[in-house]
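What follows is chain A paired twice: with chain B in the first complex and chain C in the second.
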Partner chain A sequence: MKGKALVIVAVSLAVCFMVGSPLCFGAEPIKIAGIFALTGRAAHIGTAQRDAVLIAIDEVNEQGGINGRKLEMVMEDTESTPTKAVMALKKILEAEDVAAIIGPTLTGTAMAMRGFIEQEGIPAFMHSGGDVILKAPLKKDDPTSLPKWTFKSPYKAADAMGKICEHMSKHGISKIGFLYSNEGFGKDGLKNVKVQAPKYGVEVVAEEAFEPKDVDMTAQLTRMNAKGVDGIIAWTVGPAMGIIPKNVKQLGIKAPLFECHGAGDPIFWTVAGEAGEGVMMPSTKIVVADQLPDSDPQKKKIQAYVKAYREKFNREPGTMVAYGADAAYIVVDAIKKVGADRAKIRDAIENTQGYLGISGIYNITPEDHNGLSMKDIVMIKATKGGWELMD
Partner chain B sequence: MENRNGCKLVDLPESTRRKDRFSFTLLVVIIVLIPVLVESKYYLIVLNIIGLNTIVVVGLNLLIGFAGQISLGHAAFFGLGSYFSGILTANYGFPHWPAMVVAMLATGAIAYLIGYPALKLRGHYLVMATLGFGIIINILMGELEQFTGGHDGLIGIPPLSVGGLTFDNDLKNFYLIWAFVFFCMLVARNLLDSRVGRALRAIHGSEVAANSLGVNTSSYKVKVFVLSAMFASVSGSLYAHYITFISPSTYDFYYSIQVVTMVIVGGMGSLWGSLFGAAILSFISEALHVAKQYHIIAYGVFLSLILIFLPEGVLVGIQHFYQSKKLQRLIAVKTPFLLWFNRF
Partner chain C sequence: MDFSQQIAQYIITGLSIGAIYAIVAMGFNIIHNATGIVNFAQCEFISLGGMSMYTLVVLLKIPILISFFISMATVSLIGALMERGPIRYARSKEIIILIFLTIGLSGTLRGTAQQIWGTDNVGVPAFSGEDPIHLPVGATILPQHMWVFGITFLVMLVLRHFFRNTMLGKAMRATAVNRQAAALVGVSVDHMVLLSFALSGALGAVAGMIIAPISTTSYDTGIMLGLKGFAAAILGGYGNFAGAILGGVILGVLESLGAGLLSSQYKDATAFLVLLFVLFLKPTGIMGYGESERV
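After this line comes the complex of A and B, so read on.
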């Protein structure tokens, strides 16, 4: 009896292997690389984006995958440093057969990875803010050598600045002060405000810088106030996001305060506390999903996503989450259309037109590997621990 | 082995020389064999980063282990190498190798300017000077935008080449970087076995004694500091040409701390310890990634364990442990015999 049972097991196993594993164990999964800043200085953004991507992938898998093949994310940590990011990239490319890359989080890590991504020829959808990723040529002496395989989901920082200036000119603010953190992000903002403000008839009468780790900006704000500004833009992420509103309240400055597009995140209330009340900023629609007019085509999609995010992680999604989600959905969509071939995925992503995303409506072209415009950005106001949509 | 002065104590013993010859041969064999065994680009890049770190750590160990001075600014020297090489080649089309030499000499000169006043003073003034210097250089990397590309980084650094051979992939860079590691270790080893080395080891033993015997301690300390900065600069140049993109965040204060940790974990004053320290820390930090987001904690625990149980460094610690075992065995074997012998 025992012998017979063994024979049956052996035969059935053999049949399984002969027919091929797909029938017995399900098809090979399609692998996507997820490279995020899970530790280091950008860990709070990287982990949120990882969760955002996981939701998109789980959703596809619950619906039975793509042509019967499940999606699987292979994850690596950049530790928020460029060298580790390149190592993570090579580790994944070597160990796994991945169809596309989602991430990384920081602009510096993205710039370091970019060259190797182009060399390898693998589509990469990044969540990093810096426009330089798409704008800087790959070869110094050839300005047309722009990245072919690299895309990014956050809207351009220039557009966010434009949105603030547009809002200001509508509300009669014409003389502003620009306060920025003295590092890459802040200086990038300074360049942008000088281009965008004149377009909307807004004049920058005061420019003040502070170090990212500074704990008090009253000196800068006092100088600014003395110049009679009727609006202040503070361009920074991190603890300074909360310190500046506190200082503004302490000094009794009446001029309205605007912050950057990274501020629309629950972390803003953690650092700003009550002083955050009334601060305005450009943002993706995700933080004000329920306040959107019903005519907004994105409303339903965003609401469904926010619900899924809350259920799964039991916290509120911030504006960074939207970027992670869109990068994932667009890549997954491309795979759905053309399969797991890298070159075909790249072409499909580049032809994404009118894609209804969480951050906005993506119209990606060979010239514009981002695809969002100023129309996708909304102005929001920090109110009672939450956000209020402004016109 | 007796030298001109008839001084036996300070020369390296013949057994050490034999061991060193063996170790260097072994290193060459391993370097040549590794690419045959390892095909993965990932392992090659890990090995390359280990190599680059080793060059910095060997230099730093000369300073810490022999001159008894700590530098918290080696990220800056590493960065100066990268940026001099990168700016000269990418922005001004300088030939690669001369640019690397210029970078090395310029970094050395800058180190001299810092080391000369700081090392005239007794005590740990160099730590303060290099700490400040490292932070200043890191800020300058971001601020001097027209040269460095600012915080967006410097793009378009060409790979190194010799004749028709361009070092444009991980394997070619492996041979290049490890050839430099071998060369730098050889320089360090021969230096320690020379008149300068004897002076340095004397300073390490007792600065006062060395001074009283006519060793110009501050001059030697400055020289070692400059040399160690030049080592870091070479490593930085190689890094820039290998990754072909550099940005200030690579050269922050944490990198300075990291290389000092490598020296301590490997063993202060131990040449092979430098290689070991760089290798073990670079490798462990990668291997611990299996612990997902907890890898930082695991890394901390690992470091604490090393410092608690092997405070003199892993390699030196293991050697001592082995030697004490040998001694115990010797005692265990010989004691009964001696006891028996004493009865007569």
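After this line comes the complex of A and C, so read on.
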């Protein structure tokens, strides 16, 4: 009898060793890299997205992890600059065995990291707005060398612009002015509006630029107004987001003002103040969760997420929180399905079909590493310190 | 909106931004006259003015008028401490070394401000509402612009009176003309230098505070305004007070007209092209007298 018992103990110990059961030794956690703009000019976006990712990871761990293995996020800061982003990435790749990467926040940092990610062969789900991270070929002379390991969670900037133009044509706005910050994001917007506006019968009659640090845009707006525009799109994130509505009010311009898809964030109100009233913008549904019709399949999921976010961090989520959340959930789902193998995770992400996310419904394919469409975007209006869902 | 109204709007806008540049330029001038150095921390005085105004008015809910003077005094004190500490005890009194010292101090102050307030831009309420005022020429401005004009004008009157009619002001001017001679007739040059940093701090703070409700403010909002103010000082003639005002106004109006009439993409380029042109024709700036007679 005694011998038999010993054998059982020995066998069960061996099994424990082999499968790494948490009951015996506590299994190795699965590590995911989180690379965000925690400081620098995009700090308000990066920190919100980090929090969004943490919610997803905590949720999994509270449910006991994946096959008994906990998830652990290894975090690095890009300081909102491309060189620091690459250093952060290399540091993680050298020191840790991570299964996937979530982040970074800004398009510039994403572009800098992209080459290394493709070389290393590690799935990366980014939060950056620019479509260029998926569209630009990796090798200059080979247009088919598109990224294989890189995905992005925010909907395409072109679709956001299309959404505004669609809204304008629906409301009889046909001659618009385009005001943009004279740097990457603004110029990208200019390219997009020239493609999108004609599709909806909207004509861009004035294009004006300003420097991101400028304190006054009345000259540009006066010139625009003199050309008789009946709608204005301002394409920028940062302080100008608030200065432009103030200038529009000051000049008494009647043409409605639209801003970009990054404006739906609590920071909009801190810079715009009362002048922000009535400004319209494309957004994810997260900022207007309670106003969604009950027929919206995402409504319950978004409301539950917003509740968790408020309880955990005691603040309102902005539009860009949704991107962090979706990137995290899709990566976690892939790991749940196929385990911690990088190549298998990549394939699983690429086969994500009909995923009901916070930002929208993702249909990721080998050709489209984003998977959202214009249907997932809503138009919102800044109202009384909050947001109102429009048609 | 017809063409003359547009022009009026461009000029009014340019004047209000130019007024800010002028105050900043005067801050540069005061320190330059007393010490011969360019104080690059002037940029930080502007940011600190704006951010301390935000802290007092928005976070601590102190009335605007009181906050205004507290901020001014605080930044003025920071300016004075800068002089009392690093500038005074620098082992080398070479101008170029001291200038680099101010660049270092500027970075230190900015980094500290970033730690305290974070990187987000924040709004400060306007001094008296945000209802636009329609001027008879067809332009519209905000009440805050009136405050900018009024306070700039007042600052100029006070400074003019100070430098012309008070003993202290005269002593500062004497130091500017000739340090040794001033010291020989009993002017305490040390105190004059200290005073110049304090005054400069106060001026920077004023600029930062009156622009904050228009432009929002952040820990590094002063960099752009500081550089433009520096350009204005150069344009007007470095060290010359009337020149600072003229330089600021010209730069502000040119920028605005450039954006409105030529191209908004090359707004700054237009203004700086004129700056280059003026310096090419008259290297001492519009009102400058040349090195030997700098006052």
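Everything that follows uses one rule, which is that the second predicted complex is superposed on the first by the 366 of 391 C-alpha atoms of A that agree within 3 Å, B and C clash if a C-alpha of one lies under 4 Å from a C-alpha of the other, contacts with A are read in each partner's own complex, and residues count from 1 in each chain.
In the analysis below, a residue touches a chain if its C-beta (ideal position, glycine included) is under 8 Å from a C-beta of that chain, and two chains touch if they have at least 3 such contacts.
What you are looking at is a predicted structure, and each value in this text was computed from that prediction instead of being measured.
Under the superposition described at the top, does placing chain B and chain C together on chain A give a clash or a fit?
Chain B and chain C fit side by side in the superposed model.
Just chain B (first), just chain C (second), both, or neither: which does A:P239 touch?
So A:P239 only meets chain C here.
Report for A:G115: first if it touches chain B alone, second if chain C alone, otherwise both or neither.
first
I'd like to know which partner A:A275 touches here: chain B for first, chain C for second, both or neither.
It touches chain C, and chain B stays clear.
Have a look at where A:E316 lands relative to chain B and chain C in the superposition and call it first, second, both or neither.
A:E316 sits against neither chain B nor chain C.
Check the residue A:K213 against both partner chains and state whether it touches chain B (first), chain C (second), both, or neither.
second
Touching A:Q250, do we find chain B (first), chain C (second), both, or neither?
Once the two structures are laid over each other on A, A:Q250 reaches chain C alone.
Pick one for A:G130: touches chain B only (first), chain C only (second), both, or neither.
Touch status of A:G130: first partner only.
I want to verify one number. Taking the Cα centroids, what angle sits at chain A between chain B and chain C, in steps of 10 degrees?
Once the two structures are overlaid, it is 50 degrees.
So, does A:H44 touch the first partner chain B, the second partner chain C, both, or neither?
The second partner, chain C, only.
Applying the touch criterion given at the start, work out whether A:R223 contacts chain B, chain C, both or neither, answering first, second, both or neither.
second
Once both structures are overlaid on their shared chain, how near does any Cα of chain B get to a Cα of chain C? Whole angstrom is fine.
6
Both chain B and chain C contact which residues of chain A?
Shared contact residues on chain A (touching chain B in one complex, chain C in the other): 39.
In the complex formed with chain A, which residues of chain B make contact?
Its residues touching chain A are 40-43, 45-46, 49, 90-91, 142, 145, 150-153, 155-156, 170, 243-245, 247, 249-250, 286, 289, 292-293, 295-296.
So in the complex, the part of chain A that touches chain B is made up of which residues?
38-39, 47, 75-77, 80-83, 86-87, 90-91, 93-95, 107-108, 111-112, 114-115, 130, 132, 136-141, 183-185, 187-188
If you look only at chain A, which of its residues touch chain C in the complex?
39-41, 43-44, 182, 208-211, 213-216, 218-220, 222-223, 225-226, 238-239, 242-243, 246, 249-252, 267, 270-275
What does chain C use to touch chain A in their complex?
1, 3, 6, 9-10, 13-14, 16-17, 118-123, 125, 130, 132, 134, 140-142, 211, 214-216, 218, 221, 223-225, 255-257, 259-261, 264-265, 267-268
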